[in-house]
Amino acid sequence: MSFLQAGNIHKHYGGATALQGASLQVQAGEIHALVGENGAGKSTLARIIAGSTRAGQGRILIEGNPVTIASPVDAQRLGIGMIYQELDLFRHLTVAENLIIGNLEFRGGSMEAFCHPFLQQVGLGESARRMVHSLSIGQMQLVAIARALSMNARLILMDEPTSALFEDAAERLFALIAGLKQRGVAIVYVSHKMDEIFRLSDRITVLRDGRNTGTVETAHTSAAAVIRMMIGRDLEAGQRAPRPLGDVVLAVDGLSTAKLKSVSFELRRGEVLGIGGLVGSGRSELGAALFGMDRVSAGAIRRQGTLGLVPEDRRLQGLMMQMSVAENGTMAVLPRLQRWGFLRRGQELAEMRGVAGRLGLHCRSLHDPVATLSGGNQQKVLLGRWLLVNPDVLFLDDPARGIDVGAKQDIYRAIDALAREGKGVILVSSELPELVRCCDRILVLCEGRLTATFTAAEATQEKILAAATSTGGHA
Amino acid sequence: MRRQLLAALTLASALFSAACGTGNGKRQLLVAFSQANNAEPYRAMQNALMQKLWAQYPDVKLVISDAQQDNSKQVAQVETFIRQKPNLLIVAPNERAALTAVMGQAMEAGIPVICLERDILQPNYTTYVHSDNVAIGRLAGQFIVDYLTKKYGQPKGNIVAMRGLLGVEGEINRDKGASEIFQKYPQIRMVADPVADWIQAKAKDRMTEVLRAQPQIDVVYGHNDPMAVGAYLAARELNREKEMIFVGVDGLGGPAGGIKKVTDGILAATFVYPLCVDKAVEIGNRILHDPAFHPDKDYTLDSLMVTPANARQMYDKFTVP
Amino acid sequence: MPARFQSFAALTGIVILAIAISPAAADGSRVFLQTGNLTDILRQISLIGMIALAMTFVILTGGIDLSVGSILALATSIAAMCLTRMAPGMSYPAHIALAIAAAVAAAGLTGVLNGAVIATLRIQPFIVTLATMIGVRGLAKWITQNENIDIGFGRDVAASFAALFREKAIVIGSYALAAALFALVLARTVFGRHVRAIGDNEKAAQYAGLPIRRTKIWVYTISGLLSGFAGVLYAAENHQGNPNAGVAYELDAIAAVVIGGTPLSGGRGSIAGTIIGSLIMGVLTNMLRLKNVDSNLEMMIKAVIIVLAVAVQRERESA
């Protein structure tokens, strides 16, 4: 008998339909991947099962018994835990306090003794007393996982758990998941990443537009087949034509800040320069230093022309979520859109339409709030903002993080086009295949130092990972 | 849309039931009273007496508005009254300049206007019913001089004055009247005159500071009763209340009023600042019911001294049940 | 549906109710609908309405300005002192213009100070403007020595000033002009766009390279200027410079903004909503006064309206 049977789940947000009759069945002790493009409804379905969102209609059985899951506490009682993509942690409490808060398993006694085994499991054994806001995003994710483990869940839903993790942390997570499966815990693994899905899962359920397009045994299918189920078409191949390189447009010499130690490199026009490294390695801080937001303690930055920066976290640092698509897109170029002190709104829409076309941005209207768009389209709006500025150097901080495969392709294509126009592009990414695919050269940072430089031809995932963790000089 | 309609309806019915509570009776004479604020005891007493006295006339309907010490609010309220064309308008102005123009508008609209207690800049009223704070100040000053003469055999001693909100007519004139008297006796010294804004709690704090600084005090003259009581409380806390006497002004009735404080032995004397309401109602009633009546432009009401000798009598007289 | 349509529905409801329960005049018409009464309402909301317009900008940036009432008091005092205690030997119009300029300039300077401290020292607006509220109230009382500066009714310059600027047409006209200007600036200019963007997401505004500091200083300066001008009108309307004027006006202005659908968190809202918010408060007060509803009950009814108006808007949002 299935541990979980969820059937005919419907959910509307205002006028928008998120789920229309979706279902999911999970066996005890299986790893079940839940996949679909952003907006397909997979996160909503997971949240309904975890009790953080209420279904409009539908039926949920646990071990054959009908249940009502109205809140996360109900879910916890039924043995269901969830790790949210946006990390539901209290930033101003300590790690240990985050673990015990609202935790029905904790019945008094020493907080740290209770937390220690779970923190040990995720590799945060020494961090119980640290404040959560002092941790990196990757470490916060581990705290969330430890929290779910400590609740003694029999089913854990994980929403894009590796989206902010570099590969070594991801490896640790995969080992954890395998261990949990051994102990009979079922995992629902929500993800876009085909390699992870095929490596981990027993079965795959695919959603498209709030409906099931099928559930398949992982052993009897292929990535291409799953992607076809997700997007309804085949993906284009990843080969690209070589790009001609121009003059040096950015030269960084011995750059040091609080987080960076003597970093030097050059960027040429027409070049895409990849930056690899773990979360916390200084890769985002490099952008902040170049953009003048962090104080530079030593070194020199020489640049021709202007610099644009697409920040790492599009919700916190990028977009004005209550404003429209067009308003967000033209945010950085408003002064040139005015005449006699007034904005020319026709001109604004015309420019925005041009950029939307270049990036394959899909929205009902440019006047819609940007919050109603999928993650991929939001990222395109943010990229569009800088395309309109037309800078000579563009720093993209993990632009494809947590967005669906179709939108990723569009962004890769835009990066290639920018380089061909003669821009210098710096691409930070957590995903090694993405770096290998898009970049001419790849720099690897570790603890604020530049530890290796590879050309596209010589880079492999193993070499980059070794440099990022500084485990060997063989690179 | 349905939800908004529902909200609007809920709102409408709530307001309607509230608004209709005041009723819509037969043809009646409407008397509108614009009160500067009803937070002070003196003002609350005025309202109570006004209601009690007008209730004797069944054909008169009284409405009272409260401007909460805000000039703009009172102007707006008088404007709204003018729209309702009352048969008589009584205004207790919050401040003189602010109400002058709008009371002029009421006169232009043909509404008889009684200006109560506080003056305005121009005589935009049918009649002005008030008391005289300078006279009250003189009475209080003379009482204090008599007390000191009796105590020391000659007019000498140390006085503390508790002042009200600076710049207000009552404060200026109660100070002026008393000072006129004190100035005649060089051995009477004003050792401190802190400002306590008419408020008892503030007076207690200010008096505490004065007590720390002054080793010998004979009389505390509070420009109103609550401040005199505040000073008393401060002295009592330092066990010095026997050393001096406390004199106040206002002399309200009721259990919280100054007259009761005299019977309780807290105040040595208080001087009644007339509510002016009984006179205003008397004149207003004649304006309403006697077409031949032409009031004087000005009615000045005398004060009364309340001491332990007559306090019980006065208490009964000035207490509105 | 934008929040302002909900506030508009609420205003319509209240106006209909006001007409329905309005007492009848001698000729049988509704007192509420008399031109005199309707313009009374507009004049009565104009001062706080004007302050609320600027407050909308402040709140849109995610800030708050508690000092508007004190700034108004300072401006009434300066205007009245210039008019009654200075004899610069110039023509009446020039003297009046000088008094207004002095009052508004002092108010504007206070606003610059607010904005500069908030934007450069990065102290929370609530705290900075709370300090200004206390300090400027003290300044107003100090320069006037706690006295009201009365403006008489004669033929002198001060009286002419009051006679002119207490005209309904001037007061309502100023409000209408300011409202149109603010609506245009918010909807159609770069500055208006920046104001909303900063309130929506300041971090993102920083990454997009917007002039955050300059925009904030301007927003508080505008709030000071408008409060100062409202103070000039207050001095004319009440025939006095009053250092105790405008107590709690900041709360009335904030209430109008919030009823008009601008959340205190900023980023979203409209001038039209704020105007409707002011009108709702004005019509409600007038309606209850015309019915002679007890003033304590009046306060309770207003409390319910504020919560209802905001609750209806939140309801839509979360649906």
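Letters are used for the chains, namely A, B and C, taken in the order the chains are written, and counting of residues starts over at 1 for each.
To be clear about the criterion, contacts are C-beta pairs under 8 Å (C-beta built on N, C-alpha and C of every residue); 3 or more make two chains touch, one makes a residue touch a chain.
Because the structure is predicted, anything quoted here is derived from the model rather than measured.
Novice: Hey, which chain is the most central one here, using CA centres?
Specialist: Answer for the innermost chain: C.
Novice: Among the chains here, which has the CA centroid at the largest distance from chain B's centroid?
Specialist: A
Novice: Write down the chain pair with more C-beta contact pairs when A-C is set against B-C.
Specialist: Contact tally favours B-C.
Novice: Centre to centre, by mean C-alpha position, how many angstrom separate chain A and chain B?
Specialist: Each chain reduced to its C-alpha mean, chain A and chain B end up 71 Å apart.
Novice: How far is the middle of chain A from the middle of chain C, if each middle is the mean of its Cα atoms, in Å?
Specialist: A distance of 45 Å separates the two centres.
Novice: Can you give the whole-Å distance between the Cα centres of chain B and chain C?
Specialist: So the centre of chain B lies 32 Å away from the centre of chain C.
Novice: Which residues, counting only chain C, touch chain B once they are in their complex?
Specialist: 6, 9-10, 12-14, 16-17, 20-21, 23, 25-26, 31, 34, 36-37, 40, 44, 47, 145-148, 150-153, 166, 234, 237-240, 242, 245, 247, 285-293, 295-297, 301, 304-305, 308, 311-312, 315-316
Novice: Within their complex, state which residues of chain B touch chain C.
Specialist: Residues of chain B touching chain C: 3-5, 7-12, 14-16, 18-22, 24, 38, 63, 65-66, 68, 70-72, 75-77, 79-81, 83-85, 95-98, 100-101, 121-122, 165-167.
Novice: Touching residues of chain C toward chain A in the complex: what are they?
Specialist: 184, 188-190, 193-194, 196-197, 200-201, 203-210, 267-268, 319
Novice: Provide the residue numbers of chain A that touch chain C in the complex, in ascending order.
Specialist: 14, 291, 293, 309, 311, 316-323, 327, 331-332, 334-335, 337-338, 341-343, 345, 385
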